[in-house]
Structures are given as structure tokens and as C-alpha cells.
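Same chain, two partners: subunit A is paired with subunit B first, then with subunit C.
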Partner chain A sequence: MALLDIESLEIHYERAGRRVETVRGVSLAVEKGECVGLVGESGSGKTQLFLASLGLLPRDARMQGSVRFEGHELMGADARALNRIRGSKLTMIFQDPLSALTPHLRIGAQLGEVLTTHRGCSRSEARAAALAALARVQISEPERRLRQYPHELSGGQRQRVLIAMALLGDPCMLIADEPTSALDVTVQAQILAFFETLRAAQPLAIVLISHDLAVVARLAERIVVMYAGRIVESAPAARLLARPRHPYSELLVQCAPKIGGPRLERLPFVPGRAPRGEDSFVGCAFAPRCPRAAPRCREERPLLETGRAGAVACHFPIDS
Partner chain B sequence: MKEGAWSEAWTRLAAGRVARIAFLIMLALILLALLGPAFSPHASATLDWQSVATAPGGSSRHWLGTDRLGRDLFVRTLEGARVSLAVAAVASVVSISIGLGYGAVAGYVGGHTDRLMMRFIEILSGLPLIFFVIFVTVLFGRNEVLLFLSIGAVGWLTLARIVRGQTLSVRRREFIEAAIVSGASGARIIVRHVLPNVASPAIVYATLAIPQIILLESFLSFLGLGIQEPQASLGTLIAEGAGELQSAPWMLLVPGTFLTLLLLSLNLVGDGLRDAFDVGERG
Partner chain C sequence: MNGSLLEVRSLAVAYDGIPVLEDVSFEVAVGEAVGLVGESGAGKSTLARALVKLVAARRGALIFRGVDLEQCTGRALRALRRELQIIFQDPFASLDPRMTVGRALLEPLEIFEPRSSRAHRDARIRGALVRVGLGAEMAGRYPRELSGGECQRVAIARALLPHPRLLICDEPVSALDVSIQGQVINLLADLNRREAMALLLISHNIALVRHLCGRIIVLLEGQVLEIAPSERLPGGARHPYTHALVAAVPTLESLSRGLLPATTAGGAGGDARLRRGCVYARRCPHAEDRCRQTRPLLETVGEGHQVACHRWRELSAGGLS
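This part shows the complex of A and B:
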């Protein structure tokens, strides 16, 4: 049994009488201890997928399908049931570490809150555990940080605090939504390195949501590429980066700048614009931008077909 | 509220000269109301038949004159102010508690609950609330505590709306999502993460509401529905004085001036506070 099992999840909204689809039928399983990278453009539904898993979608979101965590159905579960899982076994860290910390609470109080909620710790126990958690994420001067407010910390320190907070409940799965996008490159490298050591120390499943293939490539064992609310390719990271099969994945890989590669006059990019939630498609959603598109692509939607090394949703996958 | 925000707000409040002077006047008036009567040789209920309705002046034993029954107007005004301030304190505590709780819950829970709660407020604000207070007074007799509570119970509507609006914007912020993800319950999120963020508008509203409450109490007392003899509030004193306007104008002027000064200083302090807090998010 997979740790997290998302099955044919669909999410849509009714906005001003129009149907806006953000996730159009996604099945995804994350195994214990696995690190999955989820890549896609803005609006591809990658964040929605996991917000839905945690019960964080806006009230007017309409959902179908199922999300099971350790066999427990999360879809439609009440807040009480979700709160037993959220913050302890399944947790999430956000893109912007400043806005994800409550501005008027000291770091120590915010960390302590998780413990008093889930463990019923006393204040002094919570303080000691918060201190240990800060030390664990290799923050400088952890003692002092406990007494500080979020705005007094640097971006990297805040992200470390968020990670420390996420790890307090001793989770078996961590969803990281663009965890390094708001940070500069050196801090980004430190955080990624920390994730690596973390995974080496304990079996923690990580879902790394990012638009940055370089970030995902460093950590993920498997990469899932989403486009217009659907998975277009899912494959072991090394294989996908070396030999992408979906034309969209190929373009993404080509777009990632390579150090030591030939010097380019212009950076490559994927032409056209990403489809929006209001758009509906008969055929393949990527067909309008696809260099390999054939008439069939516009008429018939390719299904995600699982092969020996991963799955791809394309009528004419590369290398076939 | 971040560390330093309170002290910063205080600094800004003190920096505004008008607000600073108003704050000092307000403090002086409150202290005078609390301590003043103790320094006067007269008691508020003592009738001085030798000097009935004497005008204020150096020759009189009564600094600010006496009323028709020879009661010392200085002492009576200050004791009346005490009552008015007590009404304001109790009523604003009541209305702030209800307003904060109601607004935060409506804003945080949202959806149908929010719609229902807000419709309820709209219905209440559609009713002439002064009649509610009068109705309660008539029904349960003239009871001071009841008067305090009923004024407070009608004063929370605006604050609940303000707090709801603030909550709506706070609840969309990411730290609320982060708190949900960390498994905190709704009640905990409201108390720990939402309310402190809506505290400053609530404080400002309270300082601006206190003068309104004092005015409302004075109005009710003026109508004869508030405080009962021999007790006085600023409102009853003004009502009494208004009847003697031609023969003894000081009976209106003394409590009237006190009330005007009190309201003016409270309003200016409220304005100053609003400016002091109205700085958005810094840092």
C-alpha cells in the first residue's frame, strides 16, 4: 500500500458561471520514503493537488476522486480527523517563509504550538523540543531564535524554522511547495543539502513541488510532469532528465540551463502560453504548443500509458 | 502584533501634539472624577440649606456652586462622571468581547455560517436599538448593571463587522494555512493567530465608541431612563440643569463642560490612536 494514494482526483471551480478546472483527473501514488518531484508551469495544478490532500482548498472547490493517506480517506474527512494527520504524519512547507509564519508570535511560541497540540507537551518540554528542532535544522544561535519574531530572521532562517516546525510532529511525509523559490541560490543550495541529509537519516517521503527542474533533479527519485491539470509523464528522475519521452518534458529539460554546456545566444523556451483552467480540450492539451503535434493529437486525448520505465501520455512519444 | 509595534504606536501617539494633550486632559479628567470628591469638604448627598442654588465664585463655600437642593455641584459632577465612566467601561468591555468573538467566528468560519451571522447583524442594526435599551429598562426596572449591559449589547454590531472584515483578509494569509497544516484546531487558530491581528482596529474602535456610549447613557438618563436619584450621571445632571437654564445656568454649564471636555479628549485620543496604528505591516 502506498503511503499517499491519489486516485482520479478532479478539482474544479464555478467562477462567474464558468467551469474552471485545475486538476483534471490525476492518479499518483507516493511510497514510503520516496522522493517525488512534481514539475509543471504555473497553473498546471501541481499545488492544487496537494492542497486538496490537506483539506486546504477554498470552500467553493468541487472535488472528485479519492486521496488516501496510510489507507485513510482524506477526501471529505472532517477537520477533526484531518487535524490528527496534519502536522503530525503529513505536513507541508510553503513557498514564502515569511507569510507562512504568524507575524506576532515568537518563533518559540509557534514551534511550541505544534507540540502542545499534537503531543500534549508541557511548556518546558515544548521549549526544549523546539530548541532541539532548531538545532536540527542547523540554524545559527537557536537559543536566540526562539525569542525572535519572524520579521527579525533572514529568508533562509525562516525557511529553516518552517522546516523545523514541519519536522516537529515527526512526519512520514513532507510536501514542499516551492520550498526554495523565494530564496537566493546559495541559501537554496543549503536547504536542498539539508533535505538530502534529512532523507539519509530517516525514511521521509518528500513531495517536492517546483517549476525548477534543477531543484527537483537534485533530490527526486521520480519526476512527475504535469500539464494543464494532468500528468503527462512520470518516470525515474535520471531517465526523465536524460531521455524524456513526452515532448513537453523534453522542452522543459532543454530549457533548464546547463553549467558547462555551450554558451547560448538565447535561452530556449516553450513557445505559446500555458492553458488556463477555463480552457477545454478535445485532444491533447499540449498539442497547440507541441512541435510534434499531428492531426490525431487535436482530436483524441492521449491516455497515460504505463510502460517499463514510467508512464507517458502522448500519441507519439519520443523514442518509440 | 510584533514586538515594538505597541511601543511604536505609543511613540506615534505621543508624537501627535493634539493627541498628547488630549490624552493628558483625558487622564486628568478621569483622575479628577476618581479622586476629586475626596478633596472636597462636601458630600454629594448633603443638602446645604444655607446656600441653595448659589452661583460658583470665590465668596461661596461651594467652588462650582450648588443645585436647587443645595448639593455641591463640584462633587456631584465628578460622581456623575464616575458613573458615566463606569457605564462606558462596562459597556465597551461587553461590546468589544461580543464584537471580537462574533466577528472573528463569522469571518473565520465563513460560508453559510458567516452569511447567517451577518444577516442577523443586519436585522439588529435595522431595529432602532435605542428602543431595545428602553424596552429592557422598562421591562426589568431601572437597574444600573442591566443598563450597562444593555448598552454594551447594542454597541457591538459595528465592531463585529470591522473584525469580520479584518478576519477575512487575515484568513487568506499563508500563516493561517500553515497553522491549519500544523494541525491546529479552528478555535485555536482564531484565538492565537487571528485575533491578535485584528486587535489594533478593535482598540481604536473602542476609544471612539466610549464617547458614544457615554453620550448614549447621558441621553437615556436625560430621558429619565438611566441613573436614578440620588445617584447622578452627567446625563441626569445636564437634564436637571437644562430645567434651570434661566435661573441657574451653572447647573447646566458645569456638568455640560465636563462632558464636552471628556468627549472631546476621548475622541481626539481615538483619532490619534487610529493614526498611530494605521501604519500597515512593517518589517
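This part shows the complex of A and C:
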């Protein structure tokens, strides 16, 4: 049994009389201790997928499908049942660490709250545990951080505090949604290296969400590429990076930043613009931007077909 | 070199007495593309704002087309300022949500070309949109109808209208998906090459800057640590901090190296008033006593290549790269 099992999930909204579809049928299983990299552009539905899993979507979201965590159905579960799981066993961190912290509470109080709420700890126990959690995420001067307010910390320190908070409940799964996109490359490298040490120390499943393949490449064992609310390719990371089969995945590989090699006259990019939830498609959603699109691609939607080395949704996958 | 367009001489800026930029000097030649890299808090955006006089310099001179901007006021300053334009990181925040794209583009024309005819302005707006690869029909749209990349191109189109000789781009693509960053960077490269418009590209990502810019300035805590020709990077960088910036960039190439990126690089900060010595010494794996005591000055290490490091000679001999 997979740790997290998302099946045929669909999410849409009715906004100003228009149907806005953010997830258009996604099935994704994450195993215990597995690290999955989820890659796609803004609006591809990658965040919505997990907000839905945690019951964090706005009230007007219309959902279909199933999300099971350790076999328990989360869709339609009440807040009490969800609260036993989210924030403890299943936890999520976001791109902007400043808006995820309460500005007028000291770091120590915010970490302590998690422990007194979820664990029923006393205040002194909570303080000791909060200090240990900060030490664990390798933040400098943890004692001092407990007494500080969020605005007194740097972006990297704030993200470490949020990771510490996410780890307090001893989770078996961490969803990290663009955890380093708001940070400098140097701090990003530290946070990614920290995830690596974390996984070496304990069996923690991580879903690392990013628009940049290179960010997930080092950590992920499997990479899932989303486009317009659907999975277009899923494969072991090494295979997908070396031999992408979907033309979109191939373009994403080409767009990853390069530091070595000769200077480029022009940088590679995916032409056109990413589709939105209001757009509807007859054929393949990527066809308008695809360098390999044929008439069939505009008429018939390719289904996600699973083969020996992963799954791809394309009528004309590369190397076929 | 085509002659100097902008010369920054010993620029210093302070906020509430705390130094943010100290003794920063560099030049941008006519039509040149220069990159400015560093972490948050390095003073990159302050430098950009000082160049367009959005913040005041405490010391130093900004010579633009032979005129010191610090001494220049009123009409003369406005005339020079139109040739010196800036775009910012967040393309949505730089456009007014209640204005159509056409209205947003009309503003600079009303300011800089107050006596032009309606037909002339319409033609200029259409031309500007086409120049940045957008259709003329974009003029009727609102920012919320645009993608991030389209918004950033509108911001560029607006900055182009006064015919700038230097466009300052402060993190122009870091809010955009990697998949479309290339579109915007290539557009800037085209404008730079075809129209000889000089660029100052500010970014925390050295990998991006290296392709577009001929020279790269590395800034840390308000000080220039290295100025290097891009073709010498990544291997020919002489400052340990530049190497740390290079190593930190996540790339697919680095996977084959199988190493963790350098972790010495992160965590800028500290009280600028208390420090002596090299600003990188606290984090530098090669620092020794003199690095903590005396600040290294920029010295020339090659053609167009300067570095401020006491140990650059021994470190490059020892194969730092």
C-alpha cells in the first residue's frame, strides 16, 4: 500500500460563470520514504493537488476522486480527522516563509504552539523540543532564534524555522512546495543539502515541487511532470533527465540553468504561454507549444500510458 | 570598448547610518551588457535605485554620458533620466491593475513627449509592443489577463519608450518559471545587440547572467569582490566567494559531479558597522588572520579582471577551481 495514494483527482471552480479547471484527472502514488520531484509551470496544478490532499483548498473548490493517506480516505473527511494527520504525519511547507509565520509571535511561541496543540506538551517540554527542532535544522544560534520575531530572521532562517515546525510532529511525509524559490541560490543549496541529510537520517517521504527541474534533480528518485492539470510524464529521475520522452519534459531539461560550457547566444525556452484553468482543449494541451505536434495531437487527447520505464502521455513520444 | 556610458566612482549609500554600499566603482561602456550578482542584502537593488536616484548617494559620483548625476537637477536631470530606465522583479506589481496595457504605455509618452499627436502615440505604443514580441492587440488588455512573462515584456516595452541608452534590470526573471526565463533574457539580449542599448542585469543567479553579459560584478555586503569577463567563468573566477556562487547554482550538470553544493556560501548578515577585514572572511574556507583584519582592495589580475582577495594568487596556484 502506498503511503499517499491520489486517484483520479479532479478540481475545478466556478468563477464568474466560467469553469476553471486546475486538476484534470491525476493519479499519483507516493511510497514510504520515497522522494518525488513534481515539476511544472505556474498554473499546472501541482500545488492544488496537494492543497486538496490536505483539505486546504478554498470552499468553492469542486473535487472528485480519492486521496488516501496510510489507507485513510482524506477527501470529504471532517476537520478533526484531517487534523490528526495534517501538521503531524503529513505536512507541507510553502514558498514564502514570511507569510507562513505569524508576524507578532516569537519563533519559540510558534513552534511551541504546534507541540502543545498536537502533542499536549507542557510549556517547558515544548520549549526544550522547540530548541531541539531548531538545532536539528542547523540554524545558527538556536537559543536566540526562539526569542526572535519572524521579521528579525533572514529568508533562509525563516524557511529553516518552517522546516523545523513541519518536522515537530515527526511526519512520515513532507510536501515542499517551491521551498527555495524565494531564496538566494546559496541558501537554496543549503536547504536542498539539508533535505538530503534529513532523508539519510530517517525514512521520510518528500514531494519536492518546483518549476525548475534542476532543483528537484538531485533529491528526487522519481520525477513527475505536470502540464495543464495533468501528468504528462513520470519516470525514474535519472531516466527522465537523460532521456525525456515527452517533448515538454525535453524542453524543461533544456531550460535548466547551465553554469559550465560555452556562453550561449540564446537561452532555450518553452515557446508561447502556459495554459490556464479557463482554457479547454480538444487534443493534447501542449500541442500549441509543441515542436513535434501533428494534426492528430490537436484532435485526440493522448492518455498516460505506462511502460517499463515510466509513463508518458504523448502520441509521438521521443525515441519511439 | 566604445567609450564610457556610465561611470560609478566610489559610490557609498547608507540607510540610517548603516552602510549598504561602500566604495563601489565600475564602468558600463556604450552598448555593453554588465551583470551584477550577489545574495539578498548585498546591496544590488540599492545600487540600481541609486543609479536612477531613487535613493541618495552619501559619497561618490555617478557620471552618465559625461555628466555627474549627483550635481544635476531639474530639467537637465529629467533629460538624462529618460535615457536611464529601470525594470523590477515583480512584473505584476510594476503595472497598475486598473490600467490597460495601452494606458500604462501611454504614461511615459505623456511625460516625455507631451506635444506629440494621438496618432503618433498610438503608433509608438504599437511599435513598442511589437518590439518586445507582443501583439498590438495586447494594448486593450489588463495586467490580470497576462502571464508573468507577458507582464514583464510590457514592463520592458514601457521602459523602452523613452529610448534609453541604459536599461537597468533588477532580477527581471526571478519571479518567472525557468521555462520562460529564456524568452525574456533573449529579448534583452536582442535589444542589447541590435540596438546597442546597454544593460545592467542584476541577479542572484550567476548562471543566467553569464550568458547575457560580457562582464560580471560580484557584490557582497555592499562591496565589490570581483569584476570578471564572463568568458573566464566559471573556472577562471579568482574570488572564493564567486566560486561559492557558481557552486550553489542547481544545474543538471552538477549531478554528474556527485557532490553537494558548497554550503559555505549562505547566510549573509552581521553588523556592517563592526566589521573589519574582508566581508567574506567569516564564511570563507580559506580565511586566515590577515583576511579578518585588513580589507583587501581590488587589484587587477588580468585583462578586465579585478579581484579583492588577499590570497587570490596562492589559491589560484593551488587550483581553487
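The rule is simple: the second predicted complex is superposed on the first by the 319 of 320 C-alpha atoms of A that agree within 3 Å, B and C clash if a C-alpha of one lies under 4 Å from a C-alpha of the other, contacts with A are read in each partner's own complex, and residues count from 1 in each chain.
Following the convention adopted for this analysis, contacts are C-beta pairs under 8 Å (C-beta built on N, C-alpha and C of every residue); 3 or more make two chains touch, one makes a residue touch a chain.
In this text the structure is predicted, and so the values were computed from the model without any measurement.
Superposition model on subunit A: subunit B and subunit C are shown accommodated side by side without a clash.
Touch criterion not met for A:F281: it reaches neither subunit B nor subunit C. After overlaying the two complexes on the shared chain, residue contacts for A:R84 are found with subunit B alone; subunit C is out of touch. Look at A:P257: by the touch rule set out above, it reaches subunit C but stays clear of subunit B. In the superposed model, A:G155 makes contact with subunit C only, not with subunit B. In the superposition on chain A, A:Q190 makes contact with subunit C only, while subunit B stays out of contact range.
One of subunit B and subunit C touches more residues of subunit A, and that partner is C.
Once the two complexes are laid on top of each other via chain A, the angle at subunit A between subunit B and subunit C, using C-alpha centres, comes to 80°, given in steps of 10.
Looking at the shared chain after the overlay, A:A214 reaches subunit C, while subunit B stays out of its contact range.
With the two structures overlaid on their shared chain A, subunit B and subunit C come no closer than 14 Å at the level of C-alpha atoms.
In the superposition on chain A, no residue of subunit A contacts both subunit B and subunit C. Those residues of subunit B lying in contact with subunit A across their complex are 1-3, 5, 110-111, 173-175, 177-186, 188, 192-193, 196-197, 281, 283. The part of subunit A that touches subunit B in the complex is made up of residues 54-56, 59, 79-80, 83-88, 91-92, 94, 96, 99-105, 113-114, 117-118, 149, 151-152, 162, 165-166, 169.
By the touch criterion stated above, subunit C contacts subunit A in their complex at residues 39-41, 147-150, 177-183, 185-186, 189, 204-208, 210-211, 230-231, 234, 244-255, 260-263, 265-269.
Residue ranges of subunit A in contact with subunit C, taken from their complex: 41-42, 140, 154-157, 184-190, 192-193, 196, 211-215, 217-218, 241, 251-253, 255-261, 263-271, 273-274.
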